Every structure is written in C-alpha cells, then in structure tokens.
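Heads up, there are several structures right after this.
Okay, so chain A shows up in both of these, paired with chain B first and chain C after.
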Partner chain A sequence: MVKKSVAFAKRNRKKLLFYCAVLALPILQFCVFYIGVNLNSVLLAFRRYDFGTGGFVWAGFDNLEQACRDLIELDMFRSSTKNSIIVFLFTQLFGISFALIFSYFIYKKMTGSGFFKVILFMPQIVSSVVMVIIYKYFVERAYSAVVEMLTGNTAEGLLASPDTRFGTILFFTIWAGFGTQVLMYTSAMGGISESVVDAARIDGASPLREFWNITIPGVWSTLVTFVTVGVAHIFTNQMNLYSFYGTQADYDLYTFGYFLYKSVQETKSMTNYPYIASFGLIFTVIAVPLTFAVKWLFERFGPKTD
Partner chain B sequence: MRRKEKGISVFFIVVFAVLVLYALSMLLLLFWGVNTSLKTQNDFRKNVLGLPSGAPWNWAWDNYVYILRYFYVPVKREIDGITTPVNVGILEQVFNTLMYAGIGSLIATLVPCIVSYMAAKFDFRFGKILVATVIVTLVIPIIGSQPSEIQLLRSLSLYDSFLGAWVLKFNFLGMYFLVFYGTFRGVSKEYAEAAYIDGASELTVMLRVMIPLVKVTLMTVICIKFIEFWNDYQVPLLYLPSHPTLAYGVFSLSTSSIQGMNTVPMRMVACVIVVIPVLVLFVVFRDRLMGNVSMGGIKE
Partner chain C sequence: MKRLASILVLSIIVLSGFAGCSKNGINNTTEKIDRNRTQLYVSNYNGGIGTEWLYEIKARFEEEYKDYKFESDTDKVGVQLIINPNKDSGTTLTSTLPGSSDEVFFAEDIPYYDWVSKGMLADVSDVVKSAAAEGEETIENKLTAEQRAMLTISDGKYYALPHYEHVRGLQYDVDLFERKLLYFSMDENNGNQGFVTSATEQRSLGPDGKTGVIDGIDYSLDDGLPSTYDEFFRLCDYMVQRNVIPFVWTGMYNDYTLYIEGAIFDAYSTKTEASLALTFDSGDETVRVITGFDGSGNPVIENVKVTEQTGYYVFQQAGRYYGLDFLRRMLSDKRYYHTLSIDSTFSHLDAQEQFIYSSLENEPIAMLMDGNYWENEAADAFNRSVADYGSRAENRRFAWMPLPRRADEESSAASDRAVMTDSARSYAFINATVESDPDKLNLAKMFLRYCYSDTSLQEFTVETGLKKAVDYSLLPEQEEQLTYYAKSFWNYRKNADMVYNLSGNAIFMNNETTFTKNIWSSQAGSSYAYPYNAFRSSGGMTTKEYFEGMWLTSSEWTDRYRQHFTESD
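So, the complex of A and B:
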C-alpha cells in the first residue's frame, strides 16, 4: 500500500515537472509579450521621449490631453470618427446579414451551394493586397472603359472621384469579407436539431420563416461572438486603406485603424510612440465597456434558443 | 448529414440570384487581373477590357519572365553599423516568405496545440486559468500596442529579425487554442492510460500518442495559418522591414516607380505569381480548409 502511494506520488511529481517544463516558455512569452507589452503600452501613454537622455521620461497626462484635443479639433480625426462608425455599422449590418443568408443557402444545400462556398471563401485565400490591387485598377480603368464604351463619354474612375471613392472602398470591404463568417455560420447551422427543422416543415413553415424563427436563434451565440469581437473593429478596421493608398490616403478617408497602423509604420524613431500609445489607451478604454455592453444587450434581448 | 432541400421558394431564388451576381463579380475581377497580366503596356492602354492582342502564343508571357528576373524590393539594412540601401530580389523574397510563413505557421499552431493539451488532459487547476485567460483576451480588445511591442523587440535586439517574428508567433492565445482544447477534451484518456501502463513517459504520450490523434486538426490549422501568413504583408512591413516577403513585395510594387515595373500589367503579374502557390494549396486541401471549424474541433 505504502509502496503504491510512493509510486503514485513519484508519478505525480514527474507529471508536475513535465507540466511546468512544457508550459514555462509559452507562459514566459505571454508574460513578456502580452502582459508586459500592454502594461508598457499604458505606461508609454504617460511618457515622452527625452532627446537629452535618449530615453523616455514621465510626462503626466500631456499625451492624453493632446490626443483628446486632437480627436476633437482636427479634421483628420473628425473624418476618422465618422468613417470608422460608418464602416462598423455597414460591415455589421450588411456583412453579417448577407453572411447569414448565404450561409443558410449553403446549409440547405441548394443548387450550387458548394461552388458558392468556394467563391465566398476566395478572398480569404487570395491575399488582401492582391485583391485590392486588382480591384483598384478594375474600378479605375475597366469601369472608365465600360462607361466610355456604353455612353461615348470619358468617365472618371470610381476611386478618382471624391464622391464615389469612400463608397467604392466600403463596398470592397464588405464584398471581400464574407469567407470566415460563412464558414462559421454554416458550421453552427449544422448543429441545429433536425427534428426541430422537420417539425417546422410539417407545420408548413416557409424557408424564410424557418430562417427567422429557427436558424437565427440556433446560431445566435455564434452571431453574438462575431458582433462582440467586431466592436473593437471600430478602432482597428483599416478599411484596406493601407493596401489602396499606402501612407498617402486623404484625410477624408481615414479610419482609426488606418491612422494607428500608418502612424506606427511611418514613425522611424521612437519619439512619436507615446502619442500613438495614448490613442491606443483611449480607444481601449472606450472599446472594453462598449464590447461588454453590446454582448449584454444581444444576450438580454436576443432570441432564447430553448 | 442534412438532406438537400427539395422545394424552391422565392426566397431561395432571390438568394441564388444574388450569389450568382457575387460569383460573377469575383470571377470577372480575377479573370480581368490575369488577362491584364498578359498584355503589354501599350496593348493595355489601347485595350483595357478585351483579350490581349494577337494569338495566345504572342501574348506578353515575357512579363512573367521579366518580373521573375528583375523584380526587387528596395530596403535599407544596417551593415556594419551603416544604413545601406539593398535590393531584395524575388528568390530572397521567396526565402523570407518561407521563413516567415512556413516556420511561423508551425510555431503558431504547435504552441496553442501543446498548451491546450496541457490544459485539457492534466488535472491541475492552472489549466482552468489558462482557458479563462484565452477567453478573456479574446473578448477584451486591446488596441494600439504595436509601439510598445516594437520598443520591446528593439530593446531585446529582436526587431527586424526572423527570430523576433517567431517569438511573436510563439503565443497560445486565440481561437485555435479553443479549437484544440475542444478536440483534446473529446479524445478518450484510455489511449494515454494504456501508454502509461506500457511505461511511456509524459513526453512520449504527448508526442507519440495524443498529438497524432489530433493530426487532422493540426494539419488544417497549419494550412490556415500558412495561408494567412503567406498573404500577410502588414506584419512583415512593420516587424521585418528589411526582409520583404512576397506579399510585402507585391505591396511595394503597387506603389513603386521603378522603370519597367510601374505598369498595370506588371503589377498584375506580381499578383498572379503570389496567388498561385496558395491557390494550389487550397485546391489540394480544399475540403480540409473549408471543413467546419468549431470550438469542439474540426468536423469531418
């Protein structure tokens, strides 16, 4: 008995040793590159680069004050706010709605569903920069050529005209963004009980009614996940602007995501990092409660699967 | 397996029509891109929409040879403490892509796989903390931490190096941790117990018994990650500025003014060259890549 418990304790000790040895590096990486980086990011927002010492020194709330002032006063940030909200609403409203409808079509194995699944997934396979380059020249050159051919008049490209370029880029963002969502929703729809679907069909429910009353509640948790995670996209969605324009996009097209990436990309020294980090901190402070509020709202007022 | 819907309703007809339009727009765009890549610049100026002029064997196939031979990305590298301009050719771009996407995808898949195995199959409370940490970091958005990340990489002398890029990929956070966790939870403990009775060590059980049991999920995630990293140009642009990958090269070409390269057909050629390998990968592993990824693993 004693021999057995000693063997058991020895095995447990070996197990613990193995457990610690395997997890040591991933945990160290997490501590340094997640906790450390994010804590440093917060600290950076309260510092400034000192040319005298070549290091960062305490700057109090100067960066945050400057960032808040710029957010309110500068045209660039006013258009960033407007564009980021528009992109968020359109991608959530149209992106998710169409992705759900397309997924339902595929889940029901309607004619051509396999082919459409591949086509919808294509933008995930082809690099976004490749899609953007082809799209960019298509809406500039091919569109103008088609209009000229049809009307005989020369036409400006859709990206060249200030009236159409935002809509053209927004359309691309939604158009190329179905792939992952369709896979996830189709997968979630596959988990809906067949007996519930059959019962609805026997009761004479139309496909639209089945979609609304059975399928949507059935995939609600997946949908909430997408919407919840998507809230942060208000501040991170670049609307592919970097692929379209590099660092040269006009201010009226800016989104917060583009501003953040472009700023880090353009900064060749560390002097500008505290200013950028202060925006990161402000956006995080807004995004965290907003994410939880959206999650709560969807769970509170969404359909109950039972 | 769900049976195919028999009845046809107006709803499905409308959705079908929308999907046909979507498919046509996608195929038309890709066809136009490939078609343009086979034109000379003069031909493209005169004929934006049509097929390339002349017989197929007279199309501008040379564009491909030209790009493969002469396409380069101008970067700046620190050589002996001096910032020196360097032109990175396509072969080095391929090498950089394989280093970044090939090794990066292995690291980014194996780390969450192994950590999720530890969380799912060992009865330590720390496993629950790991799962909770992953979920919390997925839900809580942290924005704009790149400056801090770059500062840290610079201070560790890891900035602009593959080692630095791999260290960044060496994390277990993200959705695929939950995918592996669900898969390992579904695997019976009896396999491991049988191996323990045979005297196998913990490492042997993990590497030779448990991980092979989830190899389908593992291979799928490696493929997904490989395609993701192959296509990614923004992370290399930020963290590996002097080691351009192919996607980075295509982005660079799209804004380049290098004589002979700054034409629409040449840019399309570069696009096609970058896309071909991932399209081949997609065709080979199509069913796996588009399998139903779920938090409970990947359904067959």
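So, the complex of A and C:
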C-alpha cells in the first residue's frame, strides 16, 4: 500500500514538474513583457530623463500636468478626440452591422458567399503593407484615371485631396476589420441549433425575422466581445495611419492610437518617453471603467438566448 | 489549373509577408573572414551617400597597415575591415548598439547627448585632439567653435565626430535653363519681361548680388537667377509660358514639403537667426521678428534681442513667414508643379527619375525639391536614362539652386554669407563595448583618425559630391573631378555658414522634436503639422493665418518651458 502511494506521489511529482516546465516560459514571458513593461510604463509617467546621470529621476506629476494641459489646449488633441470617436462609431456601427450581414450571408451559403469570403478575408491574410500599397494605387491613380476617362476633367486622388483622405482611410479601416469579425460570427452562427432554425421556418418566420430573433441572440456574446474590445481600443486604434503615412500623417488625421505609436517611433531623445507614458496612463484611467461599463450594459440589457 | 491558382495565391500571401521587411539589423557583408588578419567591424548608414566612399578608405587603410600587428596576444598581422551597409539610424540604434557586433559607426539621426549620458559611446578625445596624418593640424582644429563647444558640453570629452552635411533645398536643371533662356537679364527693360533673349546677354547678379571669381569663390554661378520672391514667381510664370513645369517633389513623404520653407528661411536669415531655435539667445545681435500686420496685410517687422525668457519669438521670425509664403505661392497655381507631386504613391526616387527624364522626354521640369545627396541617390535613374537615351543623357548639368536672400527690391540681404542648416545629426563614433578590448579600441581609433585625414575627407567629397561636416578644402584637380552638381554645391558652401543641429540648451534638449520638425506646425483654425496641407485644404488658408497660428504668447511660453530656465535670468 505504502509502495503504491510512493509510486503515485512520484508520478504526480513528475507530472507537476512537467506542468511547471510547460507553464514557466509563458508565465515568465507574461511577467516580463506584460506586467514588467506596463509597470515600467506607469512609473515612467512620474519620471524625467536626467542627462547628468543617464537615467530617469522622479518628476512627480509634472508630466501628467503637462499632458492634461496639452489635451485641453492643443488643437491636435481635439482632432484626435474627434477622429478616435468617429473611427470607434463607424467601426462599431458599420463594421459590426455589415460584418453580421455578411456573416449571415456566408452562413446561409447564399449565392456569391464564396466571393464575399475571399474579399473580406483578404486584408487579414495578405500583409497590411501590401494591402495599403494596392489600395493607395487604387484610390490615387486608378480613381483619377477613371474620373478623367468618364468626365474628361482631371481629378485629384482621394488621398491627395485633404478633403477626402480621412473618409478614404476610414473606409479602408472598416473593410480591413471585417475579416476577423466575419470569421468569428460565422463560427458562432454555426453553433446555433439547427432544430431551432427549422422550427422557426416551419412557423413561417421570414429570413429577416430569423436573423433578428434567432441569429443575433445566438451570436450576442460574440458581439458583446467585439464591442467591448472596440471600446478598449478607442485610445489605441491608429486607423492604419502608420501604414499609409509612416510618421508623417498630418494632425487633422490623428487618432490617439496613432499619436502614441508615432510619438514613440519618432522620438528624438529619451526625454520624450515620460511625456508619452503619461498619456498612456491618462487613457488607461478613462478606458478601463468605460470598457467595464459598456460590457455590463450590453450583458444586462442585451437579448437572452433562453 | 485550380492547383496552379492555389499555389499562386499561396505564394503571393507568403511573399507579401516580407513586403515590409528591410535589411535593418542584418550584417549585410559577404566578405570572407581572413583568420590571419585582425577584423574591425564597421557599420555604415547606406542612405543617399551610399557606401562606396567607405570601400575606398578600406582599401587604403588595409594596404597601409598590412604589416602592422594590432593584437598583442595573437600572430595576426594586418587588418580587415568588415563593412556592414545598413539602414539603422537613431531610434533603432539606441536599442541595438549595446548588443551590436559592429565597432565603428557612421550613422544618422544620432541623439548624441542621450547616448553620451548612457555611456554608449567610447571616449575619442585623444583622436580628436591629435593630427589625422603627419603634417596636418589636429582634427579638433577642423571643427567650428560651436561644434567643439557642443560636442564636449557634457564632461569636456569628445565621444563622436561629425560625419557629413545634409542640406535641403532646390536643385535645378542647368541645361534646361540655358536652352530655354530662363535667366533674368541685367537690363530689366529689355523688352522680354526682363528675361535674357540670348545666351550671351548679360545676366542679373542673382541672389548673392555679385559676379566673377573673388577669393576662389565663383559668384557668377547664380547670375540670372531670381533675387527676390516676386522675381522667383515671375520666373515660374515665364516657365509655364514656355511649357516648363517649375517644380517636382515626392507626394509620398510630407516631410519633403518642409524642405522649401526651411531653405527660404535659411536664405533669408543670418546665422544667429537660423540658430535661434537651438540657442534661444541672440546675444548682442538683434533678430527680425514679425509682431503684427498692417492694414494692407503686410508684415510689421521689428528687430529684437531674444533670450530664453522671450524664446517664443522663434515662432515669429520673419524668415519663417517668408518660407511659408513661398510655399503657399508654389501651391497657388497647379501649373507650377507636376501633377504627381500630390500623389501619395509618388516616392522621392520617382520624383528624381521624373526630374531626370523630363527634359529627355520633352516634358521638362525645372526644379526638384530634395536634399543635396539626391544625385547619389538617383544614380540608378541616371544610369537608366543613359541606357534609354544614350549620349543625350550623358554629362548633363544639374546644380544646387541658390535662393533669394531678400523679400523685395527695397530690402537688402541680411548677411554677405549664405546660411544653411544641416539636419542629419550624422556622426562617426566607436561603440562603447569596444572599450573592454584595448587592442581593438586602439585599432578603432586609428581607423577613425584615418577617416578624418585630409586625404580621406577629400576622397569622400570626390566620391559622394558631399562635404564632411569639418573644415577642409579640395585641390583644384579634385574640384575638377566633381560632377557639375557637386561643384555647384561645393562653390556655394564655400561662402556659407552652416548651422548644425546640436545644442546644449535645456529647452532644446528636452523638446527637440518641437524645435526641429514640429517648428512649422500651427493651430490656425484647425491643427496642422505641415503647412502644405493647410494651404491645399479647401478654402485655402492665408500665410498670415497660418503664421499667426504658430505663435505662442509670453505666458504660454513660460508655462510650457519655465522648468528649463529661471525667470530672473
């Protein structure tokens, strides 16, 4: 009996060792590259670079004060606020709505669903750099050529014109965001019980009613996930601006996500990092409660499958 | 067929993943290691100037030291330079330098004070304070007083040497100007709108107001070129009449659109004025600032002394207003620029090629907005043009375009010497990791010193057409070897003061982006980083509106920068 229990303990110890070995690396990675990096980023917001010592020293709330003042006073942040909200609303309203419709279309295997699959998944499969280059040629050169051919007048490209470039990039962002959503929604729709769908059909439900009363509640949890992630993403979504312009987009196109990314990319000195980190901290303070609130609201008031 | 299509699609998908990749961080050398010699690993930023100049130094250095023993504890004799051409600059190197196997670097966009404070650079004071070759003065004596002061401001030691000068502006097609007679005549009333009617007609004195060769400087190269902004745009109109497109530039990179404002600002300014955003101190001199506009919308210019407390004047400098106004006028008529200049798929290389090919294809473009390194960068385009058009495309004459130094006929140039700004933050230095190996450090220092001998400096200029950011001259036979473009730039540089992008001022050091790239940004109604976009937006902004949007009030300045100066200073 004792012998058996020793063997069992030994076997368990080996299993535990294996389990620890498997988990050690990801946990270490999580600690260093998530907890460590974010903690450092938070601390950085309260420091400044000292050329004398070659390191960061305590600066109190100076950076946060400066960042708050800039957020209020600088026009650049007014356009960032406006653009970030527009991107959020459009990606949520149009992105999610169309993604649901396309997914339903594909889920029901309607005519042309294969074609839609390719077009919608392409931006996810092909490198974003390549997609942006193709898109740029299309909206700059092809568009101008077509307009000229049809009207006989020369036309500026859609990105060349300061009046149309925001809309042109926003369209790309929504289109490029479809792939993941369509994949997730079609997979969630595939999980809806066939018998419920059949019963509805026998009861004479139209496809629209089926979509509204069965499909939407069936994928509600997936939809809530996308909305929640979208809210959390308000301050980090850079609307593909870096792929379009590198660090050279103008202020009227800025989103907060682009501002943060670009600022880090083009910083000329260590002195800039604490200022940028303080924006990260401010955005986190706003985004965290907002994200939880939206998640709670959707779960509380959304349709129930039962 | 279906299988073939699948393979094709799959290939595109897989290969597209590499589309954004460059050779950054990879040692690009293919040279075989010679175990009998000591290796020195040299990294070179392979941008507009290329790496050929370094291979020439390598050949001489290896030959000169082929019998020299660099390592005390091995039998190795001689040296082998392993050159790594790459595109690693500032931000990338900040994170990769301590782990890099490269030992000596020639790179751009270096945050010098950051790296000195972090101990990333080896002390090269002994190199700088010694002569690079027998019979020469010390390298330190080849530096300007400002360079010496700024490079040693941390602790009195040198940690790098300035590499090359990188200047932005306009380049023009001399052959086209000659062929189409696009020069102003000395006789304004010659019956041809003031433009010469024959190649032999006497030309106006140009922006420098002089002609002929004085003290080795040829002042006649700019004869006939516009000397005021109004003249410049009269020339543009004349070009349009003669079926010449005045300008081309890349539409892909917004930064290039800042080149012309900067070049006009420099041309208008004295050295003190052009350095003001680095020093925030005009000393005993006064600088010209715009304090308002009169009833007709003309700027009211005042001469003021600037200190750190009144640093907000850097945004009100008169030269900035004229730089902006020049750009607005350039954009005011679509006939002034090539249609692709506003196209975001049109790269700087495309613009160079368009400029080179334009005359050959009878759709001439007069001027290219680019840096002084453009000719090197466009080497492939030049070769292609020769392959396509044979002798017609050979020995063509392009030149650096001297810009007007005064706003109108009534005013005079602020300085007899031209002013230019070097924007590259380009340095040569030794990786601090080498300091742990005294033999290697000695070799690295010998090589660095060798690169700053007169012979190496002259060779650099002959090969690249550019100037290293130290003082040296070329022999007449070396000047003859330069291309027409390089000669024109070298000649212009002889009578110019250079402002280097380095400052020990705390306001600048802590806000470098604000006072370099973002200095042209404005909050005029909406917010703009690039005046180019403001002037092109619907409704079109005036120069005055944009310029006033750049200003900071005294209290805004103090609120923002007071931690970097004492208010009683």
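As a convention for this text, the second predicted complex is superposed on the first by the 304 of 306 C-alpha atoms of A that agree within 3 Å, B and C clash if a C-alpha of one lies under 4 Å from a C-alpha of the other, contacts with A are read in each partner's own complex, and residues count from 1 in each chain.
Just so we're on the same page, contacts are C-beta pairs under 8 Å (C-beta built on N, C-alpha and C of every residue); 3 or more make two chains touch, one makes a residue touch a chain.
Bear in mind the structure is a predicted one, so any value in this text is a computation, not a measurement.
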Query raised in the report: chain A superposed: clash or fit between chain B and chain C?
Result: clash
Requested in this report: Name the contact category of A:F226: first (chain B only), second (chain C only), both, or neither.
Outcome: neither
Requested in this report: Would you sort A:D75 into first (chain B), second (chain C), both or neither based on which partner it touches?
Outcome: second
**Report entry** Comparing the two partners chain B and chain C, which touches a greater set of residues in chain A
**Finding:** B
Query raised in the report: Once the shared chain is lined up, is A:D62 touching chain B (first), chain C (second), both, or neither of them?
Result: second
Report task. For A:I125, decide between first (touching chain B), second (touching chain C), both and neither. Result -> both
Query raised in the report: Thinking of the overlay built on chain A, is A:M270 touched by chain B (first), by chain C (second), by both, or by neither?
Result: both
Report task. Check whether A:Y185 is in contact with chain B, with chain C, with both or with neither, and answer first, second, both or neither. Result -> neither
Query raised in the report: After superposition on the shared chain, which partner residues are touched by A:Y137: those of chain B (first), chain C (second), both, or neither?
Result: both
Requested in this report: Identify the partner contact of A:F51: answer first if only chain B is touched, second if only chain C is, both if each is, neither if none is.
Outcome: second
Query raised in the report: In the superposed arrangement, does A:G246 touch chain B (first), chain C (second), both or neither?
Result: both
**Report entry** Candidates 27-35, 63-71 or 81-89 of chain C: the single one with C-alpha clashes against chain B
**Finding:** 81-89
Query - On chain A, the residue positions that both chain B and chain C contact, one per complex - result: 125-127, 129-130, 133, 136-137, 141, 246, 248, 265, 267, 270, 272
Query raised in the report: Which positions of chain B touch chain A when the two form their complex?
Result: 2-5, 7, 9, 11-12, 15-16, 18-20, 22-23, 25-27, 29-30, 32-33, 36, 48-49, 111, 114-115, 118, 122, 124, 126, 133, 137-152, 154, 167-168, 170-173, 201-203, 206, 227, 230-234, 237-238, 247, 250-251, 254-255, 264, 267-268, 271, 274-275, 278-279, 282, 286, 289-290, 292-294, 299
Query - In the complex, chain A residues that touch chain C - result: 49-54, 62, 66, 69, 74-76, 78-79, 125-127, 129-130, 133, 136-137, 140-141, 154, 156-157, 159-160, 162-163, 244-246, 248-252, 265-272
Query - Parts of chain C lying in touch with chain A, wherever the complex brings them together - result: 12-13, 16-20, 90-91, 109, 111, 113-114, 117-119, 154, 251, 253-255, 339, 342-345, 509-513, 516-517, 521, 523, 526-530, 533, 536-538, 559-560, 563
Report summary line: Counting only contacts in the complex, chain A reaches chain B at residues 14-16, 18-19, 22-23, 25-26, 29-30, 32-34, 36-38, 40-41, 44, 98, 101-102, 104-105, 107-112, 115-131, 133-138, 141-142, 144-146, 149, 175, 183-184, 186-188, 190-191, 194, 206-208, 211, 228-229, 231-232, 235-236, 242-243, 246, 248, 260-261, 264-265, 267, 270, 272-274, 276-277, 279-281, 283-284, 287-288, 291-292, 295
